[in-house]
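What follows is chain A paired twice: with chain B in the first complex and chain C in the second.
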Partner chain A sequence: MSATRQKPLQARLGRDDLIMRGYMLMLALYLVITLALPLYTMLSKSFSTYQFDLSQFQIQVSDEQGNWNSDPKSAAEINAALGENGIQNFATSNDGRLAPTKLFPEFSFRSPVNYRIKGNDSSAVWLVGSKRHNSTDWLELDSNTFRRVSLRPVKSTGLANYATYFSTPALSRSIRNSLFISIISTLITVTLAFAFAYALNRSQMRFKGFFRLVAMAPILVPSLLPGIALVYLFGNQGMLKAFMMGESIYGPIGIVIGSVFFTFPHAVMIITTALAISDARLYEAAHSMRAGRWKIFRTVTLPGARYGLISAAFVVFNLVITDFGLPKVIGGQYNMLAVDIYKQVIGQQNFEMGAVVSVVLLIPALLAFVVDRYVQRRQVAMLSSRSVPWQPPRRRGFDALCLGYCLLITIFIVGLLGVCQYAALVKFWPYDLSFSLKNYAFDLMDGGGWNSYYNSVQLALYTALIGTAIIFSGAYIVEKTSGFHKGRSLFQLLALLPMAIPGMVLGLAYIFFFNNPNNPLNFLYGTMGILVICTVTHFYTVSHLTALTALKQIDPEFESVAASLKKPFYKLFARVTVPICLPAGLDISIYLFVNAMTTVSALVFLYSPDTTLASVAVLNMDDAGDIAPAAAMGMMIFYTNAGARIIHLLLSKGILKRTQAWRAGHAAMSS
Partner chain B sequence: MLGKTVASIGTIAGLLLSNSVLAQTELTVYTAVEAEDLKRYAETFNQDHPDIKVNWVRDSTGIVTAKLLAEKDNPQADVIWGLAATSLLLLKSEDMLEAYSPKGVELLDSKFVDNDDPPAWVGMDAWVAAVCYNTVEAEKAGLTPPASWKDLTDAQYKGHVIMPNPNSSGTGFLDVSSWLQMFGEEGGWEYMDALHNNIARYTHSGSKPCKLAAAGEIPIGISFAFRGAKSKAAGAPLEIIVPEEGVGWDMEATAIVAGTANLEAAQTLVDWSVTKTANEMYNTGYAVVAMPGVAKPVEHFPENLLEKMIDNDFEFAANNRKRILAEWQNRYDGKSEAK
Partner chain C sequence: MTDPAASYLRIEGLNKFFGQFQALKDIQLEVHEGELVCFLGPSGCGKTTLLRAIAGLDLQTSGRIEQAGTDISTLPVSERDFGIVFQSYALFPNLTAERNIAFGLENSGHNRREIKARVSELLELIGLPDQGEKFPSQLSGGQQQRIALARAIATSPGLLLLDEPLSALDARVRVLLRRELKELQRKLGVTTVMVTHDQEEALVLADRIVVMNHGLIEQVGTPADIYCNPRSLFVAEFIGEMNQLNASSTEPGQLQVGERMLRSEGGHWPADAANDLVAAIRPEDILPQANNSDALNHLDVTIGDMAFMGSFWRSQLHDASLGDNQLIADFSINAVRRLSLQSGNRLTVELPADRLLAFRR
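Right after this comes the complex of A and B.
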């Protein structure tokens, strides 16, 4: 049917097809420039190494009377003559310096011996003190000055950075740490979230709407906020310090608790969806076979939700392993990969090593992504059109148990947020507990002051507007273009890729790509524009999938009808598709808005003094020790996002009434 | 009505004047000076030189240094005004600084001037290491105040000391490099081995240890003196201890970026940056400035601090930085058994 329909249509829709393919190409180009090229630049940076090349330098030593009797030798020869005592490791970073006195075991700065040094060509660079030399003429120095000489490395390519990484335990230990924390957090979060989702779906307890709302609250704050709350609760001056029984909250314990907090809503959402699609017919069958409750749980509920559980596990794993804010705030001495990237780049300006850690971090993130995609595909296939939604029976004991459990989770979530708000209002914890607004005087702190808050709101609005337009139209083109299979699947791949790229990696890749003076897009660097582009790209995938789902619900007959009426596709798009998909569009914009307000990881490398951001300010204020103001700013983000959500809710309702009335009519007609 | 007209004519005349007579030169100035101070710096400078407009590019020390190094082949800055001397030495070793002897440089303390002639950079002010000691929490924990760096290795302070990670904090690095200079290479590492046993954890930033001490989270924070004075002024129960062996320090300094198209204006700015007016201006944010006799005492600032500043070998610090940091990382970083 479709084959017979497509051919004649294509002939008539030639112009539309061209426009649509052209547009798809443009968007693909956008994703290539904002994703593929920066990542490629980063990958090549990780292979860019700095090595000392001793063969570049000639050194001659005089006798004690200052006569140049011996022959000049290359530094490499001198080193080779030393055998095992010579310098073995030539790998270094761009900041590397090598003292040539190491080549002379008998060296003494008091010796009357003189030294001469020169390079083979001008690429051989050495310093006397901090003065740079690269001459091919002899430079004569007495011993005491020769002691101040350092040789400088040359740039080359190779695997040396990776070798250094894996042979430095302080660095490679982070792989184990990151995996350990992510696995533990995933197990705890998925278990807790499953119980929570189970209570929401399978009980008749009261206040379900309230609990749903509470469970989503952590999405509205930056991931580092629970870290700050934990400091106030369990730090050395914490309110509940006794609970720690001498253990320190700074380290694995703190990271895991905080991770559970910020990943909980994601897991609940996925598992709820999985539980909601369960088929009542299976339960009826189990009951009629007199299966016990536990048996039903094991043989019907769990298998039915297994894809949801696996998917939730991988999403949580990915969120934890790529998160940077939380371990930065509460990790103490416990190093994790994402923090290592930050330390290498911001602390030591060792961009090459930062790129290496990024590549290492990319591997588990990519793996988790691939498995998740695979599982999600399976899950969709499980829903059959004959499934009947299951209605849980009323069971008093069980319902009370569920209510109690959900209350506990509520206390955990609301409690952490409440502690932050309290800390933000206290004058000087723990010595002066009176309330004041002094922690809101952001202009007196590091981090950019109130301007960062306004910048963040601006960024969130731009991201929501521009992002929704780009992503929605992209999804439309992919969904509605006929033919052109290769192009479409390539675009689809590009659109899914951002989900697998950790924010830190994306941010670092952007530095390498956009900060290059030879890049014609260099002008974007340091502007609000690059922050918007980065955020849209970072959160592209989920928005893209939301748009696709909404578009798939629209009957393709619309296109055929429009085509037969000789209406160009964009008229159909503007008059039919967009109004029908408005709720999905709103969902995408609120998703982008909230994430733009809370994200830290990618933007921490990209903000400039004029574009400081609220979420980064939380990080920087905490870094400077202004923890209470950091909590205050974090709560400002929370209220802003909560406000945005409420507006979103009202808008959705209004729009639903005006544009979606047909759905009700449609339903009435078909029933 | 008439008044208004006169006023507007005046404004127009003023505009014309400022456009024609004061053809402005614009300088791009990279800095790590606190944002709240920058406006004041530019305004004070413009009182003497209204014809030069300063366009600030500000970020933290590490980032400004990284940015300058990244722009090595295509420099965007004209002047660096307010960046750590150790960073400027890195830039000097890349041949990125235009050597220039500003008028009046001889009036500065020679510690604050690059030892080449003409100097590649000149210092402005110094920040000095010190120990922030929370008297309330220390008493609760039964500690006695330390008097020296060596005291801090005493077993009573186990888990009660916090310091910045030198791999991410300039303040942390100046501590480490000062210990290596004071105690010698071997003695310095032995000292840090012993100190490491007492460290609760290493922070990313240099001011955080003192703020944590002020908040009582960890009673003893190795940080810098000015931060301690500020926290004490804010009401924290702090004592600022200057260890008797001497304390490390780093300075903020000024330099002209080689290849600037506005050399004359850049020299005017650097000339001005060593004047008495400028030094008085630095004094509001820093207790120690380059010109002797200018600094007014800062409240709560330890009195004997100046004498305790070590004769810091910045060249040693800059040229051995990479090696020291790698060694430090191998010895102390990523110890997951945080106490």
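Right after this comes the complex of A and C.
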């Protein structure tokens, strides 16, 4: 027992260790470049303010003969002399320009008067046309050229943007609106989804498989598609406008209905999992104690599913508050945070204010993310305890009730999709309902035409392939590297972060980071490459967690065995790990494919004329009033995703069948 | 620890901490060339931690490990020379038995034909010549275990590490494989370290047993040595059955149990012992006597419950003179028949002085 604490031994690193750590660092670097740095750039942007400082500039005016009789004055003095007619508002953006001709009310470009301009020091910048000057020597210009001069602002750092944001009611009202819509949508969605999942899990009704399929359909379309359907049904020329009883669908009502539609599958999935793990023995015990049905529901069912419910609530909340497409299409004058980012950046070119709104939006999203992670962990702890699955009894009345309810939900989901398809096929809603394919002539509309569709498919394929490779190998490395705890936790954190970042925020951050001409990665801007990178990063977390789950099910000693046999880890990875995890790999790739097809938020900032996308085209055509073609394009996305899912299903089945010989037993062994 | 020149694996001053918890405490051990050594102890005693340190899978916090004269203390796993079989076998489920065995042979300078020959040889050796094409899930537990063993020895490593290799098997298969494992190890002559919590397995298989408890080595010795001369009460009670009688002593070799004075000549007399001693004797060492006698270590007792255990009767013995202490004795069927032993009878038994051990509580 002479053991004393001393400096622990350090393992000498083998070749495998070095390769694995090197690869992990590479992937960490990838995430830093595609996530951390852009976000940091955006954050620092939100603290940057741009103002015109007129005292920087000296201006002198000649008489009509070109003699410099008058004294040179600072532009600030000139402005002050103008009093109320002068320039009052000096705040501007990064891109701001101020024409000095505004300082001379009598200015005429035909005048023979000449002007000279210089800066007090080299920080004073002005443009002549697009040529930059920051000289402290006089620059002489005739009046026609002086017309083309514009002064540039100076940058300062501080909270001024935030102050502006919170003192502008038109902007800060969006916080309340976003929270309101998200909370209402969450309450409705979780309630409806719980009832749906309950019917699927706890009844003996028929057509369960069909209902499961229907509930997942909204995942296959962009979130703005239900908005278009609602416009057709309840809009100004809607068939069912009378049902609105004078209310407008453009605004909170439309956003909430659409949000329920597109978040429903997410909530159903989470709650179904939670309900599926509840223990039959608890029900038997409750029955043996003669507890009533309502009492059992309150004391057994709800507590058992509570983590699922909380988790679903936060996921839905997050989806709604960060969604951009739906409120853009059907929000009308009702402002929400995600749309504000778009309006500030695309509409007003005020990038700094866009960054401020992004930061504001980031807070609830981060909060929801943290709570969800915490709750998920608790649920996993519940899952690992051995429970006996519960077999619901056959109860005629209850089963019929469940069937009826699920049918109603089916009508809602299939109905909205059907309306889109119908509207896309008719000539002119609602006046000429004869069928035509004219709405599919995308090349005649704004939005990039059929190329957008092909680009989207291309993007989805690249994202699925490259993303799966990067994410799966990253999860493998972080799971199987021995030691190196700090590096692994850092990587885990980076891999979880994307889930907390709203797409709009990510997209804007990419503009700031990649569109900077000084960034060596600037060449990516406007290419398909940046769209793929952005989409992979945006959807990194869920894929990463899927891969981790699959990897955790593999015997942890495989790596030890391979090392003892002196086989490098990548041989084991290729010959054993990948084949075993093929189903999980397919799940990840279909997830990435579908999301790449439907996502709008991040990419709306990043596409170029050569890389227009189908989902963005839906948005742009809708914006331009081509609603029927927008619906048609949306349904193209739906069919493509549905096709991809079918292919995925066939592939998965094929793989399972071909590998059944070893898989069947493997499952039995691990159970 | 006979011939230091033949020592193949030498462990010196090994410590392992998990945070504040010390899993291994100053381990000193030598394993001889060709020997089969079992690490035996209850769960959490550090035996698996020690095995994993030898393999390089969990690096020790401090201490030195030498294999075949080379310091391997901090070498990465892939640069050490051992084959390993885990409790789960860790067979690659998507590869056939053959491919599993061949895994370590591929890309190591052997051509296809050599590999094939070696794999057939190994399949033959483990007695599964025609099961090579099957996937692990199509094999029984015992067969999987043998495939894992074949994979571990395929590259002819200098050291074979077995981490509870038999504990996932049925009792019958375990007994069968135990023998096969021993024969195979003899045939190959490979130095082997095996971790087990099954004392019977260790007794049958091991050339030497290392008994561990709370991260310490309690005793190292041959199975007979460990069984007959346990150095500590822990070893005594962990391996086999052991009667424990509260005792005190005033002079070495004399044990006061209840009102009786017993002579103890077995084992190691605990130094400066007085009160708080344990007199220990194995049930089978208690000898029934045909006649009454008050010779040394002879006791008159009443037979309590007798339980039939197959080849012997497990009998409870008690007597007022022993105080609260009770004895359990295993009497052979012959002895019971010959002496007509019955529950309730009085009987004289001998606790042979050389079999009566004394331990500090």
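Everything that follows uses one rule, which is that the second predicted complex is superposed on the first by the 546 of 671 C-alpha atoms of A that agree within 3 Å, B and C clash if a C-alpha of one lies under 4 Å from a C-alpha of the other, contacts with A are read in each partner's own complex, and residues count from 1 in each chain.
We adopt the following convention: a contact is a pair of C-beta atoms (placed from the backbone, for glycine too) under 8 Å apart; a residue touches a chain by one contact, two chains touch by 3 or more.
As the structure is a prediction and not an experimental result, all values here were calculated from the model.
Considering only the touch criterion stated at the top, classify A:131 as touching first (chain B), second (chain C), both, or neither.
In the superposed model, A:131 contacts chain B only, not chain C.
Contact-wise, after the overlay, does A:626 reach chain B, chain C, both or neither (first, second, both, neither)?
The answer is first: A:626 touches chain B but not chain C.
Among the partners chain B and chain C, which is in contact with a greater number of residues of chain A?
After superposing on chain A, more of chain A is contacted by B.
Counting only touches as set out at the top, which of chain B and chain C does A:476 meet: first, second, both, neither?
So A:476 meets neither chain B nor chain C here.
According to the stated criteria, A:343 is in contact with first (chain B), second (chain C), both, or neither; which is it?
first
State whether A:444 touches chain B only (first), chain C only (second), both chains, or neither.
A:444: touches chain B, not chain C.
A:560 in the overlay: touching chain B, chain C, both, or neither? Say first, second, both or neither.
A:560 sits against chain C, while chain B stays out of touch.
Can you pull the chain A residues that chain B and chain C both touch?
No residue of chain A touches both chain B and chain C.
Along chain A, where are the residues that touch chain C in the complex?
Those residues of chain A that touch chain C are 1-3, 5-6, 8-17, 482, 555, 557-558, 560-568, 571, 575-576, 579-580, 659, 661-666, 668-669.
For chain C, which residues are in contact with chain A within the complex?
Touching chain A: residues 13, 15, 17, 22, 25-26, 55-57, 59-63, 73-80, 82-84, 86, 88, 90, 92-95, 103-104, 107-108, 135-138, 151-152, 154-155, 157, 216 of chain C.
Along chain B, where are the residues that touch chain A in the complex?
It comes out as residues 35-36, 56-60, 62-63, 65-66, 69-71, 73-74, 89-90, 92-95, 115-116, 120, 136, 165, 167-169, 200-205, 207-212, 214-218, 234-237, 315, 318-323, 325, 329-330, 333-336, 338-339.
Okay, in this complex, where on chain A does chain B touch?
92-97, 99, 127, 129-132, 148, 150, 152, 168-171, 173-174, 177, 231, 235-237, 248, 250-252, 328, 332-335, 343, 345-349, 351, 428-432, 443-444, 448-449, 515, 517, 608-609, 623-627
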